[in-house]
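Got a structure for you, written out below as C-alpha cells; questions coming shortly.
Labels A, B, C and D are assigned to the chains in the order they are written; within every chain, residues are numbered from 1.
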Amino acid sequence: MIIVTRKSITDAELDHIRERVEQAGLRTHVARGEQRTIIGCIGDEALLSEVALLSLPGVESVTPVLKPYKLASREFAASSTVVRVGDSPDTHIGGDSLTVIAGPCSVEGLDMLRETARSVRDSGARLLRGGAFKPRTSPYAFQGFGAAALEMLAQARQDTGMPVVTEVMDPRQVESVVAYADVLQIGARNMQNFSLLSEVGKVQRPVLLKRGLSARVSELLMAAEYIMDQGNRDVILCERGIRTYETATRNTLDVAAIPVLKAETHLPVIVDPSHAGGRADLVAPLAFAAIAAGADGLIVEVHPSPEQALSDGDQSLTLAAFRDMMRLLRLFATAAGRRMPDETVAASVAAA
Amino acid sequence: MIIVTRKSITDAELDHIRERVEQAGLRTHVARGEQRTIIGCIGDEALLSEVALLSLPGVESVTPVLKPYKLASREFAASSTVVRVGDSPDTHIGGDSLTVIAGPCSVEGLDMLRETARSVRDSGARLLRGGAFKPRTSPYAFQGFGAAALEMLAQARQDTGMPVVTEVMDPRQVESVVAYADVLQIGARNMQNFSLLSEVGKVQRPVLLKRGLSARVSELLMAAEYIMDQGNRDVILCERGIRTYETATRNTLDVAAIPVLKAETHLPVIVDPSHAGGRADLVAPLAFAAIAAGADGLIVEVHPSPEQALSDGDQSLTLAAFRDMMRLLRLFATAAGRRMPDETVAASVAAA
Amino acid sequence: MIIVTRKSITDAELDHIRERVEQAGLRTHVARGEQRTIIGCIGDEALLSEVALLSLPGVESVTPVLKPYKLASREFAASSTVVRVGDSPDTHIGGDSLTVIAGPCSVEGLDMLRETARSVRDSGARLLRGGAFKPRTSPYAFQGFGAAALEMLAQARQDTGMPVVTEVMDPRQVESVVAYADVLQIGARNMQNFSLLSEVGKVQRPVLLKRGLSARVSELLMAAEYIMDQGNRDVILCERGIRTYETATRNTLDVAAIPVLKAETHLPVIVDPSHAGGRADLVAPLAFAAIAAGADGLIVEVHPSPEQALSDGDQSLTLAAFRDMMRLLRLFATAAGRRMPDETVAASVAAA
Amino acid sequence: MIIVTRKSITDAELDHIRERVEQAGLRTHVARGEQRTIIGCIGDEALLSEVALLSLPGVESVTPVLKPYKLASREFAASSTVVRVGDSPDTHIGGDSLTVIAGPCSVEGLDMLRETARSVRDSGARLLRGGAFKPRTSPYAFQGFGAAALEMLAQARQDTGMPVVTEVMDPRQVESVVAYADVLQIGARNMQNFSLLSEVGKVQRPVLLKRGLSARVSELLMAAEYIMDQGNRDVILCERGIRTYETATRNTLDVAAIPVLKAETHLPVIVDPSHAGGRADLVAPLAFAAIAAGADGLIVEVHPSPEQALSDGDQSLTLAAFRDMMRLLRLFATAAGRRMPDETVAASVAAA
C-alpha cells in the first residue's frame, strides 16, 4: 500500500498515519518530497483492508501495491489450470485445447434438446449447454422448466455422451443441480451473489463463472477467489460482454480481457459470443476474435428454430449456421496453435 | 411493438411476420414507406416477449411501445405510494416528508450502535441503518457479525424507538432478518438476484431496493416489479450511483434518475450519498443535490470514529459532521417543499 | 511518481530504472517489500512525462503523485477566481453569486432573440446565450446563421444590456467571434481540440469550457490548463452531463463533479441542465440539484416556442417555464448561501 | 420516424402532431392501440430533423426508422470501397487484402524514422505512420516536431517507397500536411471537430478517421458523412478502443464494431491495437482478434527503442516484436481469407 499525503500535513498527522499502519502489522517507509510525502507500507496488505486510511487526516490518496486475489493469481499456480469435466478423461477446458460448449438458451423439451445436442456434437462441440432455471429481467417472461429440464439434460447426456452445463441461481438449488450437471454456471447477474459463490465453492464440481455486466477484471478474479477459498479450485472464467454506452450491440465484448486474464490468472478463460453481441450475425466474427485473442473455448447458443425459441432467439444460431461457424473456427484454432479435441468427428463432418 | 422491416423484404416474409404476431394474439397494422415498411403491433406486448422477432427474415428492428413494468408504473396507482415503517403511525417514506436513514455501515458492537443511534436520532434521522450481513468484494474482508448484529439492532431500536433497516443477501436469511428488521435492504449487487427478490416479495415488510451498479432505470423498476408481483407492494427505490469511466468518485450519482423515476413510478425514491461518492467530503453536497432534485429521503453512513470503522470508513460521516449536514439539509428541504418529520426534535437540536 | 516493480525484478533492472529516473532530474527512494519493491521518485514529475517507464523491464505499475495541472489547481491561487464579464462592474461568475445564462440554442432571428433576451433578463438571467455556429452530428442539420447571428447577438446586447455568450468552433473564427462575444464558449466536442484551446488562450476574453462527453474531471482541468498556459486566466468550467449506458436521459449529469472541481480548482463551475438531461421536464430539477451541490451558475436553453426551434427544441424551456424555474431557484440559492445578482429585478418580477 | 403518443392524448393534440409532420412534407399513418396511439411518418426523415417532435404536447417517444447517413451507408455503394493510397497501383486499403500501417507514434528524428520504416517494411507493413503534430492531454508534454517532421516523413517515403500517414489537427494545417502526406489522419479527439472534417473533405487525399473515445458506431459514420459530403469519398474508418469503466486497459477495444461497421458501410475498417490496449503485450492478441473479426488492416506503433520514445513508449512494439507479430498475423490473415499484399517479401522474411 502506498499512501500519499496532503501538502499541508503536520508531523502529528504523519505520525498518526504511521502508527495506524504499524498497528495493523506492516512496516512503513517514508519518502519526503518537496510537495508531497509518500508512505510505503511494507507487508501483508490484507491486514490494512479494515483500516479506513482515507479517513485519516492528512491522507490524499491510497494505492494498493499487491493484487487482492491470491488463489486465482497466476503466481499461485505452477502452471495453467486444466479443468477436467465429466467422466471422460479427455474432456477438459484449458491447456492447448479449444473447447466449445453449445446448446439452446433454455431447455424447451426433450426432442429439441436431443436434436440440438446431436447436431452440435457432430459439428465439434464437446459440452452441451441448456438453461433449466432462467434469470429474466421481467417476472412475466419464461423462467425455465426447472427440475424437469434437469432431467432432460441428463437424458441428452446419456444419448450423446456430452457433459452438460447449466445455470444455478439460488444457493438452495445447488444440491439438486449438482445431482444432474457436470458444470455449474453462475450467470453474469449473480457474479457478486456472494452466498451463491460460497455455496458452489463447497461442492467438487467445475464452475463456469460469467463476468458481471459492469465487473472489472479484478472483480471477476475476486469472485473466483470466493469460490476457490471454499475449496473448489475448478473455476472457468467467461467473458460475455460488458455494458457500455454503445447501442449497436447488446453488450460490448471486451476482447482484451482475454489476454489480460491469461496474464493475471492460471484459470481457463472462455467467451460467450452470443450474449456479447446479442445478434446471430455477430456470433461467428466474435467467436473467431476470441480464439485469436487466446481464449480456451466458447459457449454458444444454438437452437433448431431460433424464431420459435422461448428465450434469446435473436442471438441463437441455427444448427446449420453453427456447423458452418465450426468449420471456419478450425482455421483460426490452428492459427492460434490450439487443438480442437475431436478432430476425427470434425474430419468426418468436413468430408460429408 | 413496432417492427421495421429491411428494404429488401419480400411479401412472403412480411406475411410471415404478421402471422407470427397475430398468432401471439395481437393485431397488426402495416404502413408502407418508400424505403421501409413499418408494422405496428396492437395489443398486449407481453404476449410477444417470447417471440424472437429479430430472428424473422426481413426484420430490421423491433421497438417496444409500452413499458414492461405494470405494478410499479405511475399509471398503476392513483397516487404516490407512502410506505409506513415500523409501529409508529407517523414514520413513513414518501409523500411530502423527507425521511433520513442513518447509521454505521456495519454493526460493530452494541455500544457504538447505541451511541450512533441516539446521536443521529437527535440530529433528525428517523430510521437506523446497520449491516449484519455484508457483501464484500473480497472473501478475506470483514463479512459482518450476522445474527449477533441483528440482536444489537433490535436492542438499539428498543433504546431509541427508531425502526431499523438491514441488508438481506440470501433467500435463506429472509425469515430470520424479518424477525428483527423493519425494512429489508436489497444491495446493489443483488438487484437482479431474482430468487432473493421473489423471496422478499412474499413477506409483508418494506423493502429498500438499491439500484445495481450498471442497471438502467427501467431495470430497477423491473426488479421492483419482481417483488411486487409476489404480493409485497412496499418497495422503496434507492439511487446509489452508477459505474462510469470517471475515477474521481467511487460511483457517479445519477441525480437525474430521481425526477425520471418520480415520473415513471408511484414508489418513493431515496438516495445514498455515501456510496455514490465514496468520500466523506462529498456526502453533504450530494445529499443536498438529491433533495433539490426531488428525493423522498436519504440513507447515510455515520460512524462515531470513521477511521476505526470495519468497513466503508472512508465515506462515513462523524456524528458531528452528520449533525452539521442535517442543519443545512433543513434549508434545502424547505426549498423543496418537504417536511422533515421531527421538527420538534430538530428545533431543540438547533437551539442547543 | 511511484514505481512498483515485478516480483521477479533483477538488481540490474532495478538499477536501470533508477538511472532513467535520475537522468530525468529526480531523486529515487527505494523501499523493498517481501513481494514487491517500490521506487518513490521525488521531484518534478513533469520531467518524467517523456519517459516510457512502463516499458522498462521489471516495472509493474506507475502511479503519479502530483496533479498534472498547475495553473488551474486550487493550490495555485490564493482565492477562488471570480470572472468579470462585459463592461458592467457587477456582472461576474464565481464568488458568492449565482449567475444564470439563458437564451436560445441557436440564434434564429432578431425578433425571437430580443423577445427571449428581455424575458430571461426579467426573470433573473444575467447573460444571454445564443449559437451562431452550431456543431451538429449530421452535416445535413441546421448549422447556425454564422456571422449574421453574431450581429443579432450584438443588437440584443445593446437592447438589454446583457453580455453575450456564443460558441466558437474553429481557430479561424476566434478573431471574428471575439469582436462580438463577451464570453467564448468551447463546446463539449471540442474540449480536446487543442489548436482551438490554444487560440482562445491568446485572447483576453472569458472562456466557458464545457466538459467533453467522456472527459474525466482531470482532463477538463488539463483543457483549462491549455487555455491558461497561453495567458488567458478567465476560464469558467461547465459540467453538462457525461455519456453512460443509461438511455432514459440524453446524458448523465455528474453532479458530484461540482464539489470535486470546487476542491481541485479555483475556477468557477457552472452547469448546463438542458444538455445534461435532454428533456425540458428535467431542466428544473437538475438546475436545483446543481445549485444545491455548489455550482456557481447555470446555462439554460430557453425558446419562445420550443416546438418551432431549429435545434434542441426538445430540451428548451418556454419563457414562462424559465420564469417559474427561476422563482423556485431563488429558494435553493438562498439555502446554498448564494446571492442572485439582480434581486431588485427579481423582486419586481415576483410581485408581478 | 415513428411517434408514440401518451395515453392521455387528446384528439386536438393528435391532429397538431400530424399537422406538424405533414407540414414538413411527410405523410402520416395512425394506428390506434388500447393504450397508445402510434403515428408512422412516411417520407424523408431528414425533413423532420428540425422539428422538435418531443416538445409537442402528447408525444411520448420518437424513433427514427431510417439511418441518418447516406453516402457512408452500404446501400449507397454497389460494392465495398477500396481506397488507393500513394502512387503505387497496388497499395490500397480494403477488398480482400490485409494492409498494415506501422511506425513510431511521433517522428523523433530522421535516423530513427528511416530505421523503423525499413524494418517494418521488411516485416510486411505497407504504409508508414508517424506523428508530426501530436494532440497531448497536457500542454506541457511533447507536441511533435511539426513541419520538420513532415520533411522527414517525405524522406523516409523516398527511401522506402512506403506511402506515409500522419495526423492533421487544425484546419489551417490541412494544406501543408497534404503537401507531404499520402493519408491524412483525424485523431479520436477530433472525430467531431466538424470544421476539420469539412476541410479534409475538400481535398482529394484519403482520410483515416479514428473513432472518438465515446462515439457510437453511428456517430463515426456521421463523421465520415461530413467528409464525404464535401466531395472526398476516400475515408478509412479506424476502431481504436472506447472509454469504459474498465481500468485494466487504457481503452476497451470494441471488436464487435468491426462486423457491425462492415454490415452498415462500404468503407474499409482498420484497427489500432496500440491505443486500444495501451500496453505493448496486448498489441499482438488484439491485432489477431481484429483480423479474425474481419478488419481490413491495422495501424501499429513501432519504435526502435520504446523506452526512449518521446510519446506512447508504453504501448510501442520493438522492431523485433513487430516482426514476430507479423509472422503470426499471416496465419490469421489466411484463416480470414485475406491476402497480405507483399507475399514475396513476407516469404523471404519467413525463410530468413
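In this section, a contact is a pair of C-beta atoms (placed from the backbone, for glycine too) under 8 Å apart; a residue touches a chain by one contact, two chains touch by 3 or more.
As the structure is a computational prediction, the values presented were derived from the model and not from experiment.
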Most remote chain, CA-based centroid, reference being chain A
C
Please compute the C-alpha centroid of chain A, do the same for chain D, then give the distance between them in whole Å.
31
Taking each chain's centre as the mean of its CA atoms, chain B sits from chain D at a distance in Å of 40
Taking each chain's centre as the mean of its CA atoms, chain C sits from chain D at a distance in Å of 28
On chain A, where are the residues touching two or more other chains?
214, 243-245, 247
For the protein chains shown, what form does their contact graph take: line, ring, star, complete or other?
complete
So in the complex, which bits of chain B are touching chain D?
2, 4, 7, 29, 31-36, 38, 40, 42-43, 63, 65-66, 75, 214, 243-245, 247
Touching residues (chain side chain C, partner chain D) in the complex:
20, 46, 49-56, 68, 135-142, 169-172, 189-190, 192-195, 198, 212-214, 219, 222, 225-226, 229, 243, 279-280, 306-314, 316
What part of chain D is in contact with chain A in the complex they form?
214, 216-218, 242, 244-249, 252-260, 263, 276-277, 281-282, 285-286, 288-294, 328, 331-332, 334-336
